[in-house]
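Take a look at the structures below.
What follows is a pair of complexes built around chain A, which joins chain B in one and chain C in the other.
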Partner chain A sequence: MSASETAIARPASRRLARSKERMERLMFLVPAGVYLVALTIFPFVYSVYLSLHQAKLTKLHRMRFIGFDNYAELFTDSLFLDACRNIAVLTVSSITVEILIGFFAAKVFFSLRETRVGAVLRSASIVPMMITPICIGLIFSYIFNPNLGIANFLLGEIGISPLGWFSDPSLALATVILINSWQWTPFMMLLMLAGLMSIPAEQYEAAEIEGAKWYHIAAWIEIPAIRGIVLVGIILRVIDNLRLFDIVYVTTRGGPGSSTEIVTFFAYKQDFQYFQVGYGSAAAVVILFASVIITAITVKYLRSAEDD
Partner chain B sequence: MTKQLLMATVAASVVLAAAPAVAETDWDSLLGDHSGKSINMMVVNDPYIEAIRKMESKFEGLTGAEVTTDGFGYDPLHEKEILGCSQQDDQYDVLFIDGIWVGEFVEADCLEPVEDLWGDTDPAIIAWDDFVGSIAGQAQWGGKTYCLPVGAYWQVMHYRKDLFDKAGLKVPETFEETMEAAKFFTNNPDYPGMSGYAMNNRRGAAAGQQYFEWIYSAGGKPWESNYPGSEEPYADQTPLLNSEKSVELVKFFHDMVAYGPPGGEQYQWDDRFNAFAQGKVAMINAWSVRTPGLSDPAKSNIVGKWASAQMPHAKGEKTVPPVGGWIMCLNKHSKNKEAAWDFMRWFASPEIHKEWAMIGGVPSRHSAFQDPEIQEKLPWTKELYTAAKTAWTEGRPRHPLTFEMIDAIGLQVNRAIIGEATPQEAMDTAQEEVTEMLKSEGILK
Partner chain C sequence: MTRRTRSTILPLIGALIITLIFVAPMVWMFLASFKTVSGIFSIPPQWVPDFTYTDNYVTMLKDDWPYLLNSVIVTVGATILCVVLALPAAFGLTNFRFRGRNFLADWILSTRMMPPIAAGVPLYMVFNGFGMLDSIWALIIVYAGFNIPFAVWVAMSFFRRVPRELIEAAQLEGCSWTQTFLKVALPVSKSGIATVATFVFIFAWNELLMALFLTTRAAKTFPVVISSYVTTGNTFWELVAAASVIQAIPPIIFTLIMQRHIVSGLTMGAVKD
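What follows is the complex of A and B.
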C-alpha cells in the first residue's frame, strides 16, 4: 500500500471506529429506549387513541372514531366535575395540613436531633409512609367503623355522639383528608428536617445574640431556608394526590353520594367496571395533562423563587 | 304471576313424580379420569365458598383432577373475569358469574354454552326442571342455556322473633308497618343500642340492587315492559325511574335511615347481616346465602331468636321477592373443558347439590327445598321456598349494560338517601343517565 493510499485509508478506518463507537453507545441506550416505548410512550399514545373512540372492552370490534366527544362529555359529566372539585380540595387541604404539622414536628425533631430519643422517634414517625395505602385504608375503616370502631368509642367516653366518619357526606372527604395527611405528614417532616439541618449554626447564634424569639427565627431564618425543599415536596405531593386511589377505594368507594369521588376512581370505574375504555382513557389523559400542567407551573415558580 | 306459579308447581310435580330425584349416581363410571389435571374456579367471596372448598377433595377422589377455588369480592370478580376474557385467559376454567351479568359475558364471548356440552348426559344428572324457575332463567340468554344455576339466592325478611313476641308486635307486611316497627325499636329505652331496620344503602351496586329488590313490591317497574309475568320484559326498555312509585320508594329508603343503625347510609351486604347477627337491629332483608350464619354461634349472637317472613310490600300491592345469585359457567378459553364440564355437571347434580346445601351451600333446586333432611336442618328454607317460587326472574335487569346501569342508579339512590338530592331530583337524574346509556347502545332511540 502506497503512502497516499494509507492516508486515505486512515480517515476511513477512523470513521468506521467512530461509528462503531457510536453504535456501541446507542446499544447501551436500547434497553432504556425499549422500556420507555413499551411502558410509557405506547400506553400513552394508545390511551389518547382510545380516548378519541367510543370503545367498550367487551365490544372492541364495534369501536368507532368520535373525535373529542369523550372529552366534551367528560366536562359536562357532573360526577367527573365533582371528582375534580374533590381532588382539588383534598390536595390543597392535605398538603396544607402536612406542611403545618410537618413543620412543627420537624422543629421538635430538630431540637431532639442529638438525643437518642430523637433518633428513635424519628424512625418511628416514618412508619405510616412505609405502609401500603390499601392497608392504611383497611386499618382506618376499622378505626372509623360507626359501631365497632375505636374512634367513636373514644368520642363516646367523653360524651360526644358517634360520628358517621365515612357515611356523613359532610364528613367523609375530611376523613379521607385526615387519613391521607396522617400517612404523608412524615414525608414533609423529613424534608423540612433536612432543610433545618442544613441551616448554618452561626445564623441561629446570631439570632440568639439579637434576642430573636422562636417565631422570629422561624419567619426570618428557617422558612426562607427550607422554602425550596418544601416546594419540591409540594410538587411530589400534588402528583401523589392526583393519583390517589387506594384509600378511597377501600374506605368509601367515592361515596356517600359523590362526596369522595376522585378522578382516579372515576377513571377506574369507567375502565374496569363499565369497561368503557374510550371514556375512561379520556379521563386518564385529562388527569395526566393536569399533572403535567400543575407540575410545570410549580417548577416555574420554584425556579423563580430560587432566582430571587 | 299465576302462570309462573302454575309452571313452578307443574315442574315441582314432575320432579317429584320422577323420584327418586336425588338417587345415588355411579360417578366412577360416569366421570372421566382427569388425573394430573387441575380445575381452577373463580367464585365470589360469599359465605358459600367454604362449602365449595369442602367439596373439592371429593371430586379429586373421583377423577384425580385437582380443584382450586379462588374467591374475590363482587366488583373485583366482575373486573377480573371480563379482563381475563378479553385477553382470552385460560387461567380459570369455571367462572361463577352473577346471573345478571350473563348478557355482558355472552356478548364478550366469554362462555361456552353448557347446552352444547350436555349431549348424552343423563337428563336426571342435569335435571334442568329441578332448578327453581326464577333462577334457571338467569342462566339463559337469547334462548340458549349458557350456565348451570347452582348458587341461587332469594330474599326474605329476617326479624327478631323474641323481641316482636315480647312487644306483642305483628310481623310487618306493608312498608308502613315496617317503618312503624322499625321506629318502635329505634332509640327505645327498653331496647338499648337497638335500631329498627338495616338496609343496603351504600352507593353503587348495593343501593342500585336494593332499588330493583324493592321496586316491584312497591307496585312500580324499572322500565315499561319489565313487570312480574311480562312475556317480553325487554321489548320496551323506556326507563320509569322517576315515576311516582319509584320516587315514593326512594323516599321510603331515605326515611328508613332514621330507623337504621349509625352509619347505615354506607351499609352493604355484610354490614347489614353483621348488625342483625350482633343483635343491633330488629329487622333486615338479606340474600339467603347469609342466612345459615344466623344460626351459627360463631357468627351470630341471636341464635334461636330470629325468624323469617316475606319481604314487605306497598299497601295494596303484593310482595315480589328478589332473586339473585350465581350461575356456574365454563370459560370459553379454558384448556380443560372436558374435566371442567365433568366437575360442573357433578357439582350441579341434585345429589351433590343436596350435599353442598347441607354443609353451607345454597339450595337452588326444588328437590333440595323439598328434601326432609334439609328442611329439618335449615327450617328457614320453608319461607325461602315460598319466595323462590314467586320471585320475578328479570327482577334485576339482565343485559350488557347491567353493571353500569345498576351502579348509576345506585349513586342516585344513595344521593337521595343521604339527602344530597331530593328523591325526585335523584331519580330524575337516574332517568336521564340511564336513558342516555340505553341510547348510546342503540337500545332506545
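What follows is the complex of A and C.
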C-alpha cells in the first residue's frame, strides 16, 4: 500500500468509525424513545382526534367530525362540572391535610432521628403510600361500614351516633379526602423530614442562644428550609390527584349522586360503560391540559422561589 | 428523669400515635383475614381472631391463584422490559453530548404527566386490532412503557453519580460505549438499578385502571380480581381481607428494605435525601 493510498484511506475509515459510533449511541436512545412515542404520544394525539368526533366504541367506523362540540357539551354537563369541582376540592384539601399533619409528623420523627425506635416507627408509618390503592379503598370501606364497621362502633363508645361515611352525600367526599390524605401524608412527612435533616445544626444552636421560641424556629429556619422540597411534593401530588381513580372506583363509584364524581372516573364511565369515546376522550384531554398548566405554573413559582 | 429522656419522651408518644394512625387500618384488615364471615362484622368487634382459621386464604387462593400468577408474570415481565429500555436511555442522556439533549430529557419527564385514562381508548383499540385484548403481553407492554419516564429519570440521577474519570478511562482503554455501559456504569450503579426496578415492580403490581379495560377473563390481574369481590349486592369481605393481605406483601417488604431510597425515588431524583 503506497503512502498516498493510506492518506486517503484513513479519513474514510475514520468517518466510518464515527458513523459507527453514532449508530451505537443512537441505539441507546432510540428503543426507549420509539417506545414512548408509541405509548404516550400516539395515544395522546389519537385522544385529541377522538375528542373532536362523535364516536361510539362499538361503532368506530361510523365516526363523525363535530369540532369542539364535545368540549362545549362538557362544560355544560353538570356531572362533569361537579367532577371538576370535586377534584379541585379533593386536591386542595388533601394536600393541605398532608402538609399540616406531615409537618407535625416530620418534627416528631426529626427529634427521634438518632434513636432506633424512631427509625422503626418511621418505616412502619410510611407503608400506606406503597400499598395498592384498591386495598386502601377496601380497608376503609370495611372500617367505615355504616352498621358494622369499627369506626362507627368506636364513635358509639364515646356517645356519637353512627355516620354514613360513604352514603351521606355531604360526608362522602370528605371521607374520600380522609382516605387519600391518610395514604399520602407519609410522603409529605418524608419530604419534610429530608428537608429538616438538611438544616445545619449551627442554625438551631444560634436560635437557641438568642432565646427563639419554637414558632420562631419554625417560621424563620424550618419553613424556609423545606419550602423548595414541599413545592416539589405539591407538584407531584397535584398530578397524582388529577389522575386519582382506584379509591373512588372501589369505594363510592362517584356517588351518592355526584358527590364524589371525579374527572378520571367520569371519563372512564363515558369510555367503557356508555362507549362514548369521543366524549370521554374530551374529558381526558381536559385533565391532561389541567395537569400541564398547573405543573407549569408551579414549576415557574418554584424557580422564582429558588432565585430569592 | 434526666433531661435527655424527658426530651425524647414527648416525641416518642407522638411517634407512637402517628404510627398507630398509619398502621392500625392495615392491621385491622389483616386481623379480618383470619375471621369467619360473622366474626368480621360482629358487634362488639372481635379484637383477636383465631389465627389458625385460614379458610379465607384457602378459598381465595383455590379460585384465584391463576390471577395472582398473572400479576406476578405481568409485573416481573414489565419490570424487566422497562429497565432494559430505560437504563441505556438514561446512560445516553447523561453521557452523550448532543443537540437537544435537555429537550429530550424534559420531554421524557413530561410524558409522565399524561393521565393513563387518556391512553386508555387508543391502547384498547390498538390491542384490539392486534388481537391482543385480554393478553398478559398487552399489560406487560403497557406497564413497561408507562414506567419508562420515571425509570429514565431516576436512573439518570444515579448515572450522574458515576465518576466522570471512570467513564473517560474506559473510553481511553478503547471500550465502546456499549462496553463502557455494561462493564463500568452498570456494575457501579447496582443499588440504583435495584431501586428503579423495585419501584417499577410496585407501580406495575398496584395498577388497576389499564388492567380493568385491557383484560376480561384470562389475563385478569390480582387487583382486578380484588375489586370484583365488591359487587352492588354484596361484598365478600372474608375474601377481600385475605386477598388484600397477599396483595400488600410485596409493597410492605419493599418499603421496609428500600425506605432510604423512597424519597429520591418517588420524586424522581428531584430531591436528595
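By definition in this document, the second predicted complex is superposed on the first by the 291 of 308 C-alpha atoms of A that agree within 3 Å, B and C clash if a C-alpha of one lies under 4 Å from a C-alpha of the other, contacts with A are read in each partner's own complex, and residues count from 1 in each chain.
Keep in mind that, in the parts below, a contact is a pair of C-beta atoms (placed from the backbone, for glycine too) under 8 Å apart; a residue touches a chain by one contact, two chains touch by 3 or more.
Note that the structure is a prediction, hence the values are computed from the model and not measured.
Of the two partner chains placed by superposition, chain B and chain C are both touched by A:272.
In the superposition on chain A, contact of A:102 is made with neither chain B nor chain C.
Contacts of A:57 after superposition: both chain B and chain C are touched.
Among chain B and chain C, the chain that touches a larger number of residues in chain A is C. Once the two complexes are laid over each other on the shared chain, residue contacts for A:187 go to chain C alone; chain B is not touched. In the overlay built on the shared chain, the residue A:169 is in contact with chain B alone; chain C does not reach it.
When the shared chain is aligned, chain C comes close enough to touch A:44, but chain B does not.
Once chain A of one complex is fitted onto chain A of the other, the partner contacts of A:130 are limited to chain C, with no touch recorded for chain B. Chain A residues 57, 60, 145, 272 lie at the interface with chain B in one structure and with chain C in the other.
The touching residues of chain A, when paired with chain C in their complex, are 21, 24-25, 27-29, 31-33, 35-36, 38-44, 46-47, 50, 57, 60, 104-105, 108-109, 111-112, 115, 117-118, 121-135, 138-143, 145, 148, 150, 153, 182, 185-187, 190-191, 194, 197, 229, 232-233, 236, 239, 242-243, 245-246, 249-250, 264, 267-268, 271-272, 277, 280-281, 284-285, 287-288, 291-292, 295. Chain C makes touch with chain A in their complex at residues 7-8, 11-12, 14-16, 18-19, 21-23, 25-26, 28-29, 32, 40-45, 85-86, 88-89, 91-93, 96, 98, 104, 108, 110-125, 141-142, 144-146, 148-149, 152, 176-178, 181, 202, 205-206, 208-209, 212-213, 223, 226-227, 230, 235, 237, 240-241, 244, 247-248, 251-252, 254-256, 259, 262-263, 266-267, 270-273.
Chain A makes touch with chain B in their complex at residues 54, 57-60, 79, 145-147, 152, 162, 164-169, 252-259, 269, 272-276.
Chain contact summary for the complex, chain B toward chain A: residues 75, 78-79, 82-83, 85-86, 104, 107-108, 202-204, 261-266, 275, 278, 280, 400, 403-404, 407, 411, 414-415, 417-421, 440.
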